[in-house]
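Should a chain be cited, it is by its letter among A, B, C, D, E and F, assigned in written order, with residues numbered from 1 in that chain.
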Amino acid sequence: MENHKRYETGADVMDQLFSQETQTYMQHIKEISPDFWDMIVSFGFGDLYGRTNLTLHQREYITLTALITQGAFDQLRVHIIASLKIGMTQQEIIEIIIQCVGYIGFPKAVHAMGIAGEIFKSLDAESTKA
Amino acid sequence: MENHKRYETGADVMDQLFSQETQTYMQHIKEISPDFWDMIVSFGFGDLYGRTNLTLHQREYITLTALITQGAFDQLRVHIIASLKIGMTQQEIIEIIIQCVGYIGFPKAVHAMGIAGEIFKSLDAESTKA
Amino acid sequence: MENHKRYETGADVMDQLFSQETQTYMQHIKEISPDFWDMIVSFGFGDLYGRTNLTLHQREYITLTALITQGAFDQLRVHIIASLKIGMTQQEIIEIIIQCVGYIGFPKAVHAMGIAGEIFKSLDAESTKA
Amino acid sequence: MENHKRYETGADVMDQLFSQETQTYMQHIKEISPDFWDMIVSFGFGDLYGRTNLTLHQREYITLTALITQGAFDQLRVHIIASLKIGMTQQEIIEIIIQCVGYIGFPKAVHAMGIAGEIFKSLDAESTKA
Amino acid sequence: MENHKRYETGADVMDQLFSQETQTYMQHIKEISPDFWDMIVSFGFGDLYGRTNLTLHQREYITLTALITQGAFDQLRVHIIASLKIGMTQQEIIEIIIQCVGYIGFPKAVHAMGIAGEIFKSLDAESTKA
Amino acid sequence: MENHKRYETGADVMDQLFSQETQTYMQHIKEISPDFWDMIVSFGFGDLYGRTNLTLHQREYITLTALITQGAFDQLRVHIIASLKIGMTQQEIIEIIIQCVGYIGFPKAVHAMGIAGEIFKSLDAESTKA
C-alpha cells in the first residue's frame, strides 16, 4: 500500500465513525503538529481500523474497553458517540462497562457509566425534539 | 436471584471457559480465602459473565482488552486459552492485540503478542501430535 | 446470606459513609443501569464493606490509598468526605497522602492533597458559620 | 533534623520492618547507586515511615494497598513479610486484598492473594518444623 | 549536606523553573501541610533536580515523559511552561510527545498535545501583544 | 515518503540500536504476525525514531522514562542495552532512574535500578574478560 492510500483509508474510517463537527474539532491537533495528525489518520485509523479481519463494531468493543481501563475519559466520550453512530446500542455500551468492572474495579466503571448516561440523555433529548 | 444460584451460574460459566485442569489450579485461591473464591465465582463469573446481553465470545473481547491494557499477563494467558476454547480464532486474538496498540502503545502489545504466540505454538504442537 | 440481605447490608453501610445528599447524587447511576447500581450496593458496599474483620475506619485507609494510587480523584473526593464523617481526622488523611508519596511519586499525591485541602477549608468554613 | 539523623531514623525503621537477610539483599541497590540507596533510607524510611502520626501497622495498610493497586508484586512480597513481622495477622492481609477488589478489580487482587498464600504456607511450614 | 541546604537548593531550582506567580500558587500546598511542602522542595527539587549529572533541560525530558505516561495532565501543564522557561523549544516538546506515542498509545499523547497547543497559543498571543 | 522507505528507515534505526542477536530474538513476533512486525519497524522505528528533530540519544531518554513509568521491565532491559550501545553512560541511566523517583515513587524505580545493575555487571564482566 502506498503512503497516501494509508491516509485515505484512515480518513474514510473517520468519516464512518465521527460526525463532521467532531472531525472539525479534532483538527486543532493538525494545527499544532501536522506530522502528529498524519500519524493519527494514517496509522491509527488507516493501518489499525482499516484492517479487514474485524468489523468497526468489534473494534469499538476493544477501543471502549482500552479507554475505560486506562481512564482516558475524554476520548471515551468521543468513542461512545462513535459507537452509537455505527449502530452499537445503548444497552451494549452499558454491558461493556459492566463487564469491565470485574477487571478494573468500580471507580473507573462508575466514571464511564456517568459519561455514557450523559450522552444517552442528551441524544434522547435531541431525538425527542426532532 | 437467590445467592446459591449466583454461585451455580458462575460455576457453569467457568466450566464453559476453563478446562478442568485450569479450574483445579485456580482453587489454590479457595484454600487461602474461601470468601474471596466465592466472590470470584458468584460475582465475577455469576453476576458479570452470567448476564445475557452479550455472548461469552463478546465478553472475552472485553476481558482480553482489559487485561492487555493493564498488563495483567498471567490472567491474559488463562483468558487467551479460554477464548480459543469457546471458539475464538487465533487470527481474532491477533487482531485484538493489534487494535490495542493504538490505545496502549507497543510495549504491552508486544508482550501480549509474545504470550499469544507461545500458546498458539503449544496448542498447534499438541494438535499435530494427535 | 440471601440476596436481598446483601443489598440491605450495603445500603446500611452507605448510610454510615455518605450524607443523604451524596446518596441522592449517586442515584443518577441507578437511572442509567439499575443492575449496575445493584452491584455497587450489594457487592461493593454489602459483600466488601459489610465484612466484619476490619472497621469502616480501617477500610477507608485502603479505599483512600487505592483511589489516590490510581488517580481516581472524583471518587477520592467522595471518600475523603466519607472518612471524615466516620471519624477520621484531617491529620490522618494528610498522613495517608504523605505515606503514599514514596510509593506513587509526587504528582498524584499533590493532586490528592489539593483536593483534601479544598474539602477541609470548605468544612471548616461551614463549622465556623454554625 | 540534621541529615545524618534522617538516615539513622530510616535505618531504625528498616530494622523493625525487615529481617537482616532481607536488608542484606536490598543492599545490591547500594552497590549500583549509593545516592539512590541513601534516598531510600533517608527519605523513604526516615522522612515518611519515621513520622509519628501513624503507627507502622497503619502505614503498612497504606503500603500494601499502594503496591497491590499498581501491581508492584516484588515489593508486595517484601512488605507482606514485613507486615507479619510487625504483628499484622494473615487474616488482616487477606481482608486488605479483599477490600481492594472493589477498587482495582480481580486480576491484581488474585495475583496478590496468590503471593500472600505462598508466604503464609512457607511461614506455617517453618513454624511447624520449629 | 545539612538539611537547610537541601531546602535552599530546592528553592533555587524552583526559581529557575517556575515564575513567581506559579510558585505563589503552589504554596496552597504549604498551608495544608507544611511538612509535605518541605518534602516537595527539599527532596523533589533539592535532592533530585539539584543533582549535577544532568542539566535541568535533560531532567525536564524525563519529567515531561513521566507525566505524559501516567496521565498527570495538571502537572504536565506546569512543566511544559517550565520547560519553555529554561529554553526548551516548542518543537522539542512536540517531538517528546510524538516519541511517547509508540510507548503509551494515542489517547494520552493526544491529550498532552492539546495542552501543549493551548500553552503555545497563549504564549504566542502574549509575545505578539508585547 | 513511500511505504517501503518507512520500513527501511525503521530497519536502519534498529541496526543502530540493537545487536544482531537481539534483532534475531525480536523476530519471533514476525512469525506470529508479520503485519504487527511491519508496524513495529515502519511505524515504531521508522515514523517515530526516524524523525530528525531529536537524536537517538535524546529519544532513549524518553523511551527509558516511558518504560520505567509504566513498569514495562522486559522492554526496559532491551532499551537499557540499546542506550549503552549508542553511547549513553551507566551514570546517565542511573540518573534517569533517580529523576523518575519523584514522579513515580520507589517501587518501579527500585525495580528499574535492579535491572540496570544486572546489565552493568554482566557487561563489565564481559569487558574484563576481553
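Note that in this section a contact is a pair of C-beta atoms (placed from the backbone, for glycine too) under 8 Å apart; a residue touches a chain by one contact, two chains touch by 3 or more.
As the structure is a computational prediction, the values presented were derived from the model and not from experiment.
Chemist: Name, by label, each chain that touches both members of the pair subunit A and subunit F.
Modeler: Both-contact set = B, C, D, E.
Chemist: I want to confirm something about subunit E and subunit F. Since they are copies of the same sequence, is their interface symmetric in residue numbering (over half shared, so same) or not (under half, so different)?
Modeler: Mostly the same residues.
Chemist: State the chain with the largest centre-to-centre distance from subunit C, centres being mean CA positions.
Modeler: In terms of C-alpha centroids, the chain at the greatest distance from subunit C is F.
Chemist: Which whole number of Å gives the spacing of the CA centres of subunit B and subunit F?
Modeler: Comparing mean C-alpha positions, subunit F is 31 Å from subunit B.
Chemist: Compute the distance, rounded to whole Å, between the mean C-alpha positions of subunit C and subunit F.
Modeler: The computed centroid separation for subunit C versus subunit F comes out at 41 Å.
Chemist: Using the average of all C-alpha atoms in each chain as its centre, how far is it in Å between subunit C and subunit D?
Modeler: Distance between chain centres: 25 Å.
Chemist: Residues of subunit D that touch two or more other chains: which are they?
Modeler: 35, 39, 43-44, 51, 66-67, 70-72, 98, 101-107
Chemist: Treating touching as the only link between chains, describe the layout with one word: line, ring, star, complete or other.
Modeler: complete
Chemist: For the complex, give me every residue of subunit E touching subunit D.
Modeler: Interface residues on subunit E, with respect to subunit D: 1-3, 6, 35, 39, 43, 47, 51.
Chemist: Hey, which residues of subunit F end up touching subunit E in the complex?
Modeler: Touching subunit E from subunit F are residues 43-44, 48-49, 51, 53-54, 58-59, 61-63, 65-70, 72, 91-92, 95-96, 98-104.
Chemist: Which residues, counting only subunit A, touch subunit C once they are in their complex?
Modeler: Going by the criterion above, the answer is residues 71, 94, 97-98, 101, 105-111, 113-114, 116-117, 120.
Chemist: Given the complex with subunit B, which residues does subunit F contribute to the contact?
Modeler: 28-29, 31-33, 35-36, 39-40, 44, 66-67, 70-72, 74-75
Chemist: Name, in rising order, each residue of subunit B that touches subunit E in their complex.
Modeler: Going by the criterion above, the answer is residues 101-107.
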